[in-house]
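Look for subunit A in each of the two complexes below; its partner is subunit B in the first and subunit C in the second.
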Partner chain A sequence: MIAWLRSGFSTRRSRQGLWGVPLVIAVAMVLAQSLGTGQFATRENLFNLVAQAMPLLIAAIGQLFVILVGGLDLSVGSVISFSTAILSLDGPSVVLVPAVFVLAALVGGINGLVITRMGVHPIIATLAMQYILLGITRILRPTSGGKVPDIVIAAVQGSVLGIPLPVIWGLAVIGLAAKVLYGSRFGLHLFGIGGGVAAGMEDAARNHGIRVQRNVILAYVACSLFAALAGVFLAGRIVSGDPNVGLLFELDSITAAAIGGTQLSGGVGSLHGTVLGAIVLALLANGMNLANVSPFVQTAIKGGLLLAIVGLQSRKKMGL
Partner chain B sequence: MTHPALRRLAAVPPAYYVFVLLLLVLWIARPNMLNPNVMGIFIRQVVPLGILVLGQLLVMRVRSIDLSGGGVILLINYIITSRSFPEASGPAFVAMALGIGGAVGLLNGYMVARRRVSAVIVTLAVSIILVGLVQFLSSGKPPGDVPKYMNQIFDLKWGPVPLPVLFWLGCTACMWLMMQRSVYGRFVEAVGESTEAAAFSGVPVERTVIAAHVLAGLIAAVAALVQTGSIAVGSVRVGLDLPILAVAATILGGVVFGRGEGGVWGPFFGVLSFALLFVVMTVFGIDDAGRLIAQGLIILMAAILYGARARRG
Partner chain C sequence: MFDGEPAYLIEMQAISKAFGPACVLRDVTLRLRPGSVHALMGENGAGKSTLMKILAGVHRSDAGQILKDGQPLHLPSPRAALTAGISTVFQELSLLPNLTIAENMFLGREPLTRRGGPDRRRMRAETAAALAELDLKLDPDQLVSTLTIAERQFVEIAHGIKADASVLILDEPTAALNAADVEVLNRSIRRLRDAGRAIVYISHRMDEIFAICDEVTVLKDGQYVGTRAISDVTQHELISMMVGRELSDLFPARAAGRGKPVLELSGFRVTARAKPFDLTLHQGEILGLAGLEGQGQSRIMRALIGRHKPAGGALRLLGKGLGFPGAAGGIRQMARLGLGFVPEDRKEEGLMLGLSVAANLVIGLHAEKPAFTPARSLKQVVQRMTDALRIRTASPTTPVAALSGGNQQKVLLGRYLARDVRVLVIEEPTRGVDIGAKSEIYALLRSFVQEGGAVLVTSRETVELIGLCDRLAVVHGDTVVAELPAAEATEHSILTAALTTEGAAA
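So, the complex of A and B:
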């Protein structure tokens, strides 16, 4: 246990990245906020915090999948807006809800295919997808409005035995991601592929019999599916479709993963680190809201935090 | 694609094809718009983008990227229009702008080359910080008027050609000369081809990358000055989409992370293509949504064409 905790602070040995830093920041922020204001440690504020953090948490977990293989998905925000737009269309929920996930899988599949089969850089491919999908979203829903199916609202805003459903959903998503990343061949292969890419040996995984292209495509599909889930969750919270709701989510999800010790060159990162990263961002927003810090300053501080934390993680590769 | 002539055709950056195609569309649909006066005004609008692209192509040649231009443009625009420095003269503003651009570029370069942080993350984070700072200082409200003389300089013409367009041509020519003739241009090319090979050959890789980022910062400052001259009233949203468009124009011009077949003039025509695209969109009454889709498809197509060629080569 001690050795494992120590590995979170060393970039040399760990394949999980510097996740100890966000842990310390998170604990310090919880302590400071509960001592500073009486409002923090209330049950209501904590549950609120979970509900607020959930979309980012889900999107960041999706982002982790593609970052692990040395990629990046800038279309996450557009997928989120797109999902809320689809959900707010006229139609029965039995059609709309599955449609969101099928379309998201399609988007992820196209991203993955363009990147692996056509040799396009992930940043460029997903940037193009971000534009295209945002355009389609604005055609479907030019301004926010419409009505999200009741079942989605109930699934996000309800509670069971006094525990709000977002808490249960959050645990379920983390459990699912843990199973895929650490309990499946696919997850192991993701680490293998990314490790090779980060070390400058792109063929390493293939030489060990891993189907690189198929796994990378699946990673992008997984990322889009998680983004769609985040979109469904947001739609349930705001009750309508909004073409701008996903704005900057691609950035925040990358920030959360990076704060959690995930290295953008691939192969190094962890689920618990990413979850901690999302929690740090949520705590930061919550604390600054309680302290009445201007939202503009909050953005600047978020940027500064990102810069400071990635500055701590040295790597071999230079550039992107 | 075995015939040499065909291969030569496929090596032409997509920007030239897109440019000719859009010119044809415009010529068929609205031939009366193709006169120097109308085109001059449209091309003048993309000059800030065109200047920003010069920095972008430099950092993309050394396998980096700079997305902080939006923040730099916003900050410089705010400083000039907010009257925070009421006594400052034109040259003082220029010096201040270059100082900001150079400092941001140096920070980017240090983080990317020395600290080895992902360039996407660094430059985005810097941009977020600058945008947050400006919006806080201005409380989200438009700051104030642009000094009159800046607008007047922007409106000057030399014959039918607007002065900003000439200035852009001049800057592009300087960049072309630097890439072609100077030792530094060779260094950039070497680092782009292969970082390891360049390092083993004695190229100061880290310094080359840092210098590229500093230059990109300075160029962003120049773009900010031109952008400020093009508007009458300051804004807290000006220039935010320029870095992404600059990346798109650079790719369209045939310069992709490390590979630079497009040279300096490929991206130049990439910017001109975007100018024409905006004209064509306006002519056909295509709204914002259609514009986003078209931009995305153009970036994607250009990148796919290039990716396909890279694998064959």
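So, the complex of A and C:
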């Protein structure tokens, strides 16, 4: 336990990245905000905080999957908007909800295929997908509107035994991701592939008999599925479809992963770090909202925080 | 029972392979018997690694077929080879640094728990057992990035051995191992052989080949030379099979005389504690810094080219006094005066591996011009150097990384020769270079000094210094303790000179 905690602060002997830094910052923010304002520790504000943080948290977990293999997904924001647009179409929920995930899997599959088979750089491939999907979303739903199925709204806004459903969903998503990343061969292979990329040994994973292309494609599929889930979540909150609701989610999700100690070169990062990264961003927004800081200033501060935290982390590779 | 036909586990028949226009294997045959260790020998670039990568499923052959137990075997991927029971320890380390030893050992074929996840407990236990077999005291949960190179090499070997393979390919497994480690490895190899496995053993170290192998197949320039039983062949026969000529032809004749001094060190002190010394390099001669490893040969070299500041002394280069060496303009000024420095680690310090042969050759010429001068392609220069140095490359635009070690070294030398340097300072001129290319590099250096150049050289291989140089300066304790004519020097006389001179151990 102590060794594990220490690994969050040391670059040397861990592939989890420096998740101790966001942990310290998150704790400091919670302390500062509870002491600074009486409104923070209220039940209402805390649940609101979780509900606010959830879409970014889910999207960032998806982003973690592709960053671990040395990739990047810039189409996350468009997938989110696209998902809300699909849900706001006229149709029965038994069709719309599965359709969101099927289409997202398709998007992720195309991203992965273009990157692995055509050899397009992940930034270009997913940037193109971002534009394409944004265009389609605006055709489907030019402006915010439509009505999201009631079941989605109930699933996001309801509560069980006094616990709001977002908290339960959040834990379920984190549990699922933990199972996939740490409790499956697929997860281990993602780390292996990324470790090879980061160390400049692209063939190493393949030489071990790992199906590299298939696993990379699956990582992009997973990323899009998480993004779609974030989209469903947002749709339940805003109750309608919105072509702009996913705006900047691709960048915020990368920010959350990076703050959480995930290295963009691949192979180094952790689920708990990424969750902490998303929480730090949510706490930052929450605190500044309570303090009436203008959204423009908030954005600038977010950039500064990203730079400060990643700058603090040694960029040294895994001691190679 | 047997009808005289020997039973082969693996037969590679008439294998050919080309990368673009460069044909690396032509009609090569390799037959492996169960329960035997088969050496695969040849110079660097002879095609050994390519042949093994075909057997490991990394590359696909253009022609020929592979039989296992007489049945044709199709190997489209490393995974297919593993499934077929062919396991490889690659020359390049292929362990993933961010995974633990246990994870690396089982990567791609992890045992599963009943819940479907990797069975880490079993991986840990079996890894610990495999490491113990090799006398390794390593924690299976240690990340590979925390291991030393030799430890990684052993883990790599354990990885290959542990796979339930009938064929085990060891591609230079001992490159990073010391003698004691090699003995541990040999024990394991014998055990595997006795268990009926077929083992391919690639190594440049003759003593190992004769200690552990049963048969040897020699390749030369991508072609099959022959297969012999180790008991029927001598070291000299093997070398002539590999090179196509005798060892004594390796070194060119020495210079008849020498010209005026080109590089003069006086009162030179590498560190404050070292004794000052004088050293003069003349036109038309090759001067070697000999001595025990790590006694300051490399420090003297690096101080003299301005990499670090010596404690004292003066330097004259081609008649021009430079005071403290390198103090004024460093390597750039010395380069302008006509000195070239060829570093030991050509991959880290010398070549730009991703750039083409042509770019690496002419970059020295460009470096002399202002930064915004348009870079001409200098095609004739490239052509002239490629021909003169006999650099074997598919085309001038091939990345240097794709060349064999010997050809890479020739490109690096070519960079300075293209620039008309007068003095070459060379560390380890033939490190990681095979015998054939070594001899070509020696001839190149000799003809360079015959045309009025001068060479100062260090090498860990004393035999190389004795054969190549005209004169040896014996270095001990960061200073020159003796000078010997190379023609009369022996390894013994160099050692004696190094260790018996007073004041050497300063």
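Here is the rule we go by: the second predicted complex is superposed on the first by the 312 of 320 C-alpha atoms of A that agree within 3 Å, B and C clash if a C-alpha of one lies under 4 Å from a C-alpha of the other, contacts with A are read in each partner's own complex, and residues count from 1 in each chain.
Criterion: contacts are C-beta pairs under 8 Å (C-beta built on N, C-alpha and C of every residue); 3 or more make two chains touch, one makes a residue touch a chain.
None of the values given here were measured: they were computed from a predicted structure.
By the document's definition of touching, of the two partners only subunit C reaches A:183; subunit B does not. Once the two complexes are laid over each other on the shared chain, residue contacts for A:15 go to subunit C alone; subunit B is not touched. Once the two complexes are laid over each other on the shared chain, residue contacts for A:194 go to subunit C alone; subunit B is not touched. Of the two partner chains, subunit C is the only one that A:205 touches; subunit B does not reach it.
Of the two partner chains, neither subunit B nor subunit C is touched by A:272.
Put simply, more of the residues of subunit A are touched by B, taking subunit B and subunit C as the two choices. Of the two partner chains, subunit B is the only one that A:307 touches; subunit C does not reach it. Overlap of the subunit B and subunit C interfaces on subunit A: residues 317-320. Subunit A contributes residues 12-15, 179, 182-185, 188-189, 191-192, 194-196, 198-199, 201, 203-211, 267-268, 317-320 to its touches with subunit C in the complex.
Residues 72, 114, 118-121, 123-125, 127-136, 138-139, 142, 251, 254, 258, 264-265, 294, 296-304, 306-307, 310-311, 313-320 of subunit A touch subunit B in their complex. Across the interface of their complex, subunit A is touched by residues 62-65, 111-113, 115-122, 124-129, 131-133, 135-136, 139-140, 195, 205-206, 209, 244, 247-248, 251, 256-257, 288-297, 299-300, 303-304, 306-308, 310-311 of subunit B. Taken in their complex, subunit C has these residues touching subunit A: 56, 58, 77-79, 82, 88, 90, 92-99, 103-104, 107-110, 112, 115-118, 143, 145-146.
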